[in-house]
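Next up: the structures, one after another.
Common to both upcoming complexes is subunit A, partnered first by subunit B, then by subunit C.
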Partner chain A sequence: MSVLLTGEQRKPFSGSQTARWLLAGGLPLMVVAVGIAALGIGRYSVPPEQVYRILLATVLPIEPTWSETDARVVILLRGPRVILSMLVGGGLALSGAVLQGVFRNPLVGPQILGVSSGAAFGGALAILFGLGWVFLVGSALACGILALVIVYAMSLVDGRTPILMLVLAGVVTSAFFTALVSVLTYVADPYSRLPAIVFWLMGSLATATYPRVVPAALPVLIGGGLILLLRWRLNILSLGEEEAAALGVRVQPLRWLLLVAVAAIVAGAVAVSGVVGWVGLVVPHLARMWVGPDHRVLLPVTLLLGAAYLTIIDTLARSLTPAEIPLGILTALVGAPVFFVLLRRTRGRGWVDA
Partner chain B sequence: MFRRLPFALTLLTLLAACGGQSAADETVAPITAQTAAITVTDQRNTTLTLNQPAERIVTIPIPAAALMMAVDGSAERLVGIHPSSAQAIEGEILGEIFPEARTIARDVVSEGFAPNVESILALGPDVVIQWGNRGSDLIEPLENVGLNVVGLYYGTQEDLETWITLFGNLIGKPERAARIIDWQRNSLAEIRMQAEMITDERPSILYFNRLRDEMRVAGSSTYNDFYIQLVGGVNPAAEITDFATVNAEQVLAWNPDIILIGNFDDATPDDVYQNPLWQDMRAVVNQRVYKVPLGGYRWDPPNQESPLLWRWLAVLAFPDVYLFDLRADIRANYQLLYDYTPTDAQIDQILHIDLNREAATYERFINR
Partner chain C sequence: MLELTDIGFAYSAHNWLFRHVSLCLNASEIIAILGPNGRGKSTLLRCAAGLLIPREGSVRQANSIGYVPQSNQVSFAYSAFEMVLMGRARQIGLFAAPRQRDYDSAQQALERVGLAHLAERPFFHLSGGEQQLVLIARALASESKVLILDEPAAALDLHNQKRVLRLLRALAHQGLSILLTTHHPQHAQFLANRVLLMYGSEDCRIGLADALLTEANLSALYGVRLRILTFEEGGTMRQTLAPMYADD
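Let's look at the complex of A and B:
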């Protein structure tokens, strides 16, 4: 991997056929390995060999050699948390990569559309009124989608949505919903509601359960699947509007299809985990430094890297200290320096050919 | 000290100069016998002088409102309280003891504990009780407009006793304050003495400050840690300093004997009993999960009724060692604190009998 990161990699991923196969087979295997390792790590100690047995026992008839509690910790507690961290990490990273391609700007992240802040407002609103997590997730999803509708309405000029208007509308919407979130923290009871809102906004998967996997899984699987199907078209879109149109691509519908898919993923991610920053910015860049800017390769690699990355981060967050470390803090603390080092080493070359 | 003298003088002149409605009220009011000037030094070491006992008081720290009512034996001096203090009065027993407390103004903060200076000025308080160790933004805006501010520090039993003394001096009732402190100290000594007789294994007691949206526990150097150790228990979360959010797995690893659920969210023992992960945990198996009582204030943080919490926890931790009759203690000491005798139904409400009825040892607290 270090060879690939030295900056020699100028062209889109053009390794040998073997390297491609390694990538295609190796990366998914790595993600699975990270997932299994994460299931074996935590504050409550379950012997590693028992973790494998417990996992196998879910499909094979194995005589239990472990305690009920061991099985519950692995299956009921760490299980949904690892699945969620993969869905959220993969989804956010993929969203970031798509947005960077659509906007042709490396600084763009999932928060640019205002969907993150919209969903954050929806979630905070549900907490303020003391509603359960079903409402929290529903409200976050609804407000996230609402933010996208507002962005669309604002950026519409003569039936088209120019990229500049889109960015500005996104910034405005984002600022507006951020202000609304501030209003909620301002009126929230400092003893009962405010700590809950602040904790949720900082980002955490601490309350993961299987029922909560659904609201994250549906948008990520459907939106992510759609995005992956359209990944070669994203290559054309990232050439620029005129060029894409000249090549016969209907730019507006394609762009909005991608944006809706991204909005659904981001809203779903925020709904279950709060606002987790940096993943959507750092992971696509890491992937781009590795395999180059060709979206056909970049998007699947980003998805898998994102899933592994957030799973590792979340495992650290829940097992480093007796106290939970908020995810948003760790992703920034780990992400920012790593990103900087890699950026210096490659001198931003992943973008040269973009 | 000399550094502060010119400042205090400025304050006085400012007060005199801008004395609006409230100052007028005071001059009209008949001057009572207590005209001796009152000098108090708060926990920031700031000294203030009042010409007479404070008649109009604004409290911003949340437990301060209930504590002031206990020290005064009335709610009459409180003209403004924190909205969250009001919440612990409405629908709870303090609102029944002092019905007038339900109508006290509560628009005294703008956000969190940041004072809403203009509405506080409009209330014309003689003194404002505020946190003294949470940054100057909470205090300076008040002092800049010439208000007398008493700064409080939070956390220990000593702090609590200092508050009671301060409040007693401020309202010219130092004897009443001394009686409350005597009761607290005697209770403390009594429990310490009985704790020495403990020969059994010490149960680990975990306190949840919040449970529903996040699992927040009290680590070492918290007041909760203090009373867990006082009654002879061990705080499994002591490896953490202060309050921290943990996950269900960590709680499982600690495997506490007793779980206490605080009054800062709506969590109930069922939230613990019904968690599929915790089915084999000692506290669940032995039904030793309890919602902390809520009397004149939430019993979990330091408050005027803390000795009652110590006794409650002592009985639950070591039913054979501590033989307190808690209901009688509540009745006797509500007389001391509020000149009020609660009914059996009110005591049931204070002890959360509805939520704790089935829990181990709780039959000791149920009226027979």
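Let's look at the complex of A and C:
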């Protein structure tokens, strides 16, 4: 907090020099640097300056100083994977930050709405029936949205959806779809389908290709753009329903606009990468401790931080051991202790102990 | 400014919390609502602020209302300034962010309540009195001509009560209309031009503060005997209210 709260003059886009500087230059640069590093690192390693040239060569006429294989690895193999990890990481982190604001609770994450479980069920169903990845993505998206519709219907009281009902409906829906996923793994053929479902559920970007970037990119770009436009309104929404209404905000439409955007992002992310936990919980916290709770600064920082975070984790996942480590395992193994240390050190600065 | 016509509210059919309440709040006027707990003071206030729709009757607002809630639990550590800035929501488009104009207006509002020096403090680190002043500043930043306050001085010590009450009186002198609830008849006595006494669900009386704040009326309202003590201090006659807790 103290970093953010020192400015003497009031200028639009409050927050101190630090936060503005971070947004304007530091953080995007860091994301680009992480991306270039990730494109080079791996079993077949390419030096960063070579990666940089290969990337430039896609738009500028540059004399190749690299081998055909270098370019293939960077552009075709790792390219879509790095793009996907940034989209999924940024999207999940942003979703987590929005949900924490909407539910006025810093401990909720993208799982709370039941959308993750719904999408997981949809994906597992497609794998069980041996359908291709287009169906997998479509089915995951559809079931994720279906979960949100169920949550909405269950939480509706007198034409409104109180937060408490929303949380309970989310928990119920989540538990229900999780049970359905268990049913699928129970009936799945243990030699062919079961391992595929289990590995998909653990989360992985190993099968990334450019066509798969689309189902993740569309929700993140559209939903994320919408969320960023509404980021100051989210401050008001996080004061609670009655206060927001008293300040002239139409709470129900605004809340659902944000929730639908979040659901689309989460469903898109699950569709292409399986269930990747912890990103949506840890990264918003990290960002909040760093730049404070004002969503105008918090949301862009969270988005960029999430993109860098998951790209680093995914690079570790594919280069630490000869076999790939599932992404969901690493995000939890890294996320949980980091989260704990941060919480202890800052004692929940940026949010109020309820 | 604000007109309530024959409004009534019930959570379930025919179980009226209050009925047949009418009042018209004029410019620069302060009206205080008094009544025991559970009589529906806050509900009436929410109806007036447009946060609840009364079951019968109509509420007419000439312009936007600045509503100051009773207690505020913020989940995030917004600074006092950020809190005040949120009062500008009506002036700022759905997809827009606050601009210089909004910052100036929020800053002025904080100065008006005398808390400019605390602008960057986290709201929840402020004392109860300061929090109340920040919430009033937020209502001022919204440029409302009508303030509606739920128990503005209920949880405050005497010094902070004085701060809030004097501020409200000064704001009324500057042209704002104020509707508030209070548990303290002394506050109504100090502030209000008119008072609304909520005796029962179908028995509400409204009138000039001087006429209605009598020993008999207040004693009947709370079921506690109240004395109005008049004394002379420095050549002027003063009055105070004293509840007689020991009597029964």
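Everything below uses one rule, namely that the second predicted complex is superposed on the first by the 327 of 354 C-alpha atoms of A that agree within 3 Å, B and C clash if a C-alpha of one lies under 4 Å from a C-alpha of the other, contacts with A are read in each partner's own complex, and residues count from 1 in each chain.
Just so it is clear, contacts are C-beta pairs under 8 Å (C-beta built on N, C-alpha and C of every residue); 3 or more make two chains touch, one makes a residue touch a chain.
The structure presented is a predicted model; accordingly, all values stated were derived computationally and were not measured.
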>> For the three-chain arrangement built by superposition, which of subunit B and subunit C touches the greater number of subunit A residues?
In response: C
> Between subunit B (first) and subunit C (second), which, if any, makes contact with A:105: first, second, both or neither?
Replying inline: second
>> Looking at A:114 after the superposition, I want to know if it touches subunit B, subunit C, both of them or none. Which is it: first, second, both, neither?
In response: neither
> So, does A:89 touch the first partner subunit B, the second partner subunit C, both, or neither?
Replying inline: neither
> Is A:123 touching the first partner subunit B, the second partner subunit C, both, or neither of them?
Replying inline: neither
> What is the contact status of A:200 with respect to subunit B (first) and subunit C (second): first, second, both, or neither?
Replying inline: first
> Now for A:77: first (subunit B), second (subunit C), both, or neither, which partner does it touch?
Replying inline: first
> If you lay the two complexes on top of each other, which residues of subunit A touch subunit B in one and subunit C in the other?
Replying inline: none
> What part of subunit A is in contact with subunit B in the complex they form?
Replying inline: 42-45, 67-69, 72-73, 76-78, 127, 130, 186, 189-192, 194-196, 199-200, 204, 206-207, 318, 321-324
> Once bound in the complex, which stretches of subunit A touch subunit C?
Replying inline: 1, 5-7, 10-14, 101, 104-106, 229-233, 235-236, 238-240, 242-243, 245-249, 254, 288, 292-294, 296, 349-352, 354
>> Could you list, by residue number, the parts of subunit C that touch subunit A in their complex?
In response: 46, 49, 51, 64-65, 67, 69, 72-79, 81-82, 85-87, 89-90, 92, 94-100, 103-104, 106-107, 120-122, 124, 138, 142
> What part of subunit B is in contact with subunit A in the complex they form?
Replying inline: 62, 83-84, 87, 111-113, 210, 212-216, 237, 239-240, 244-250, 252-253, 264-266, 276-277, 279-280
